[in-house]
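Listed next: structures, encoded as structure tokens.
Each of the next two complexes has subunit A plus one more chain, namely subunit B in the first and subunit C in the second.
Up next is the complex of A and B:
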């Protein structure tokens, strides 16, 4: 019945690619630093999904890919925590989270 | 479970993930973005757990749906950027009604591994044993990364610096 369906690995790699492109596009166009960090989080989601799907081939589990996903999750969380602290500092200093407004105030 | 059903489930979960993330990034309200991003984290955790990575799914949900979401909410409240009015009370009630089964299903899936589609030999102990035996340096580096990020945050938010 479902003979033309792609494999799970292909589906997840396509999904991960879409997520990364959505995240990059949103980083480029967002007018709020919090939204920029959220877009970065989406890029991390895409990277994690791509790493996870790289270990899905065959019938045995690939622990290396899962180890890399764990590493990526925890590094991404650390980076986001630092980014949130930077956002608080920037908001204290400039009173806004709009990157263009911050650039104007700096100049 | 057959590969066709696994593919269909993967397509459905992928559509749900992309939809949640699109809503999160396209909406103007930051608080709605926070809620939908929380759901996206849950869906990605379900994807990991369904396809054999129960530990990875658990860590993902704990980190992103738990810690990062709470941190994001704190930042929203500190900066005053949040417009925490979701809409009417009916909308909030509908969100709550939708949330309870989604969170319940995610918890059941993550804790029991109930719908694991393939790779039945994947278990908590085997991945942790692999990590401990073959990748101990990764764990050490992770601890160092956490420590450095905590020091950076403490420096950024310290009163002496301001």
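Up next is the complex of A and C:
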């Protein structure tokens, strides 16, 4: 996989992969729901970067992928807004933001 | 015109489904019209079906296709040949009669919009399944037929038994469906094409090995066993009686259970090329033939008797395929459709009039429900194979062929003839003769239910004249009857008739006493009533093996977000590592 010379596109994709991994790692580590949502956003940024870099190959720039990145950023922002609204409700109901203490799915 | 008819015959009912829903949901008046809308759609479809059958009376075949998934070399194809044209006409006709019947039967029920939309979807999917020219398309509609039947079985969704029965039908047929899916994928990976034509030409041209053919054949047989309710995947069919009776008639006569037999008939040259596959089909058929017959004798539910009878009759079709007479099996499929639809309509008429399904608490209905009585008499005479009614010709065909190619199967067919006669006439004597245990004898059903019954009665009585001499079937039916084989089966039918007459008409009390006193008979009856313990066996497998495994698997799930996402991260790292090593 890493045998090709690192072009701009490759660097972007490697960065995107690292971002996704950092995001998932911090989701599993974070003890605060607000930080969890921030980690989700890191994953989304990684995905956006990968999508953006997919339009860079070849001689011309593919504007379609950039349009979709914009679209994706908008969707990500609204998802974040909904998530924070849910967090407010969770805090009102449980009095805590630690996901380990909010375990209603299991027993 | 042929091209249009071949598409419209299944596109029309499928595209009418949303309209039926809209009409029914639009207003209260629409709920009453929804039934007649379904009747009108299926009537138009029937015209197309008959047009196809009339045009393709010879076995000429043609294919018309349009691209669907070009990447996988899959297209929407319809195949018009003798088998598909004949079956589409047959399905249309029976569905039309059953839907007309259900307008009367289901009058005043709740949820009629759902009912008629599902019926249209059910009939349309079955027609599409029959017209399909490749395995992927067939599989798609095969699943749709299964889903529709599960929903319709669970139609009375305020009854827990009905919901359970629908779920059971869905889960049990799933085992067969998975096998068919594997077969489809296997064919795709070997041949890069899933059309019947390419599979059959590969089999006849020996471009695939004998072993591959047999693997595909076994997978197809298991798939057909699920849909066609063959032992041991039959357990859903007796429970499916919880659905409305017109649905039972539709499942048993026109649509669902015929799909499995159709699949094997469609792939018949593949089965013919291997003696092992033919033997396996015969074995499956013979077991179901005897199993269904034996359980039907003990059953006390009018509709369950007919359900076990269907298992038995479908077994006979499998035997017909196994002894290498696909035409005999096709004829059996058609005649079974007619007399089983009639028998179910009579059962529905009795249930509609009395509200009872237990044959022990019925009796003496002969005097007031004359049309139902005549209909049931004709249906079971046809079912038993008494000449010259519709059932006789197909049974005699399969029997005489099996006599030369597989004598053991022939002997077992004779035994099943006795069983068929006994359970058929037992139901007749219990329901229509004897002392009535009801406070007041019910009146005959409304005319809208009697007319389809009358039409089917005449079809079973006289249909053989058209089928045998008018060349309606796409194959020659006029065979020289061997009087010796007819005589032998008549002797066995007479034996069954005598046993039923003595046991359930002239000396009923003696029979009852015997089945209450003699221990071996008591345990035999219990064994048969429980369907030979298949349900208990599956329940034991579920509670002893599957449930503990599922419990221990659910312990892995901690319910903590951190642990779950850490596991996901670990899995992603492993995948990335494998990618880096270029293993995948």
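The rule we apply is simple: the second predicted complex is superposed on the first by the 98 of 107 C-alpha atoms of A that agree within 3 Å, B and C clash if a C-alpha of one lies under 4 Å from a C-alpha of the other, contacts with A are read in each partner's own complex, and residues count from 1 in each chain.
Criterion: a residue touches a chain if its C-beta (ideal position, glycine included) is under 8 Å from a C-beta of that chain, and two chains touch if they have at least 3 such contacts.
On a predicted model such as this, the values are computed, not experimentally measured, just so you know.
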Partner chain in contact with A:73 - subunit B first, subunit C second, else both or neither: first
Superposed model, subunit A: greater residue contact from subunit B or subunit C: B
First (subunit B), second (subunit C), both or neither touched by A:56: first
Subunit B versus subunit C as contact partner of A:34, first or second or both or neither: first
Subunit B versus subunit C as contact partner of A:24, first or second or both or neither: second
Which of subunit B and subunit C A:48 touches, first, second, both or neither: first
Partner chain in contact with A:82 - subunit B first, subunit C second, else both or neither: first
Overlapping contact positions on subunit A, where the subunit C interface meets the subunit B interface: 1-2, 30
Residues of subunit A defined as touching subunit C within the complex: 1-2, 17, 20-21, 24-25, 27-30, 36, 99-100, 103, 105-107
Of subunit C, residues touching subunit A in the complex: 557-566, 568-569, 572-573, 576, 579-580, 582
Residues on subunit B engaged by subunit A in the complex (per definition of touch): 3-4, 6-8, 10-11, 14, 17-18, 21-22, 24-25, 30, 33, 37, 40-41, 44, 47-48, 51-53, 55-56, 59-60, 63-64, 67-68, 71-72, 74-76, 78-79, 81, 118-119, 121-122, 126-127, 130-131, 134-135, 138, 142, 145-146, 148-149, 152-153, 156-157, 162
Contact set on subunit A toward subunit B in their complex: 1-2, 5-8, 11-12, 14-15, 18-19, 22-23, 26, 30, 32, 34-35, 37-39, 41-42, 45, 48-49, 52, 56, 59-61, 63, 66-67, 69-71, 73-75, 77-82, 84-89, 91-92, 97
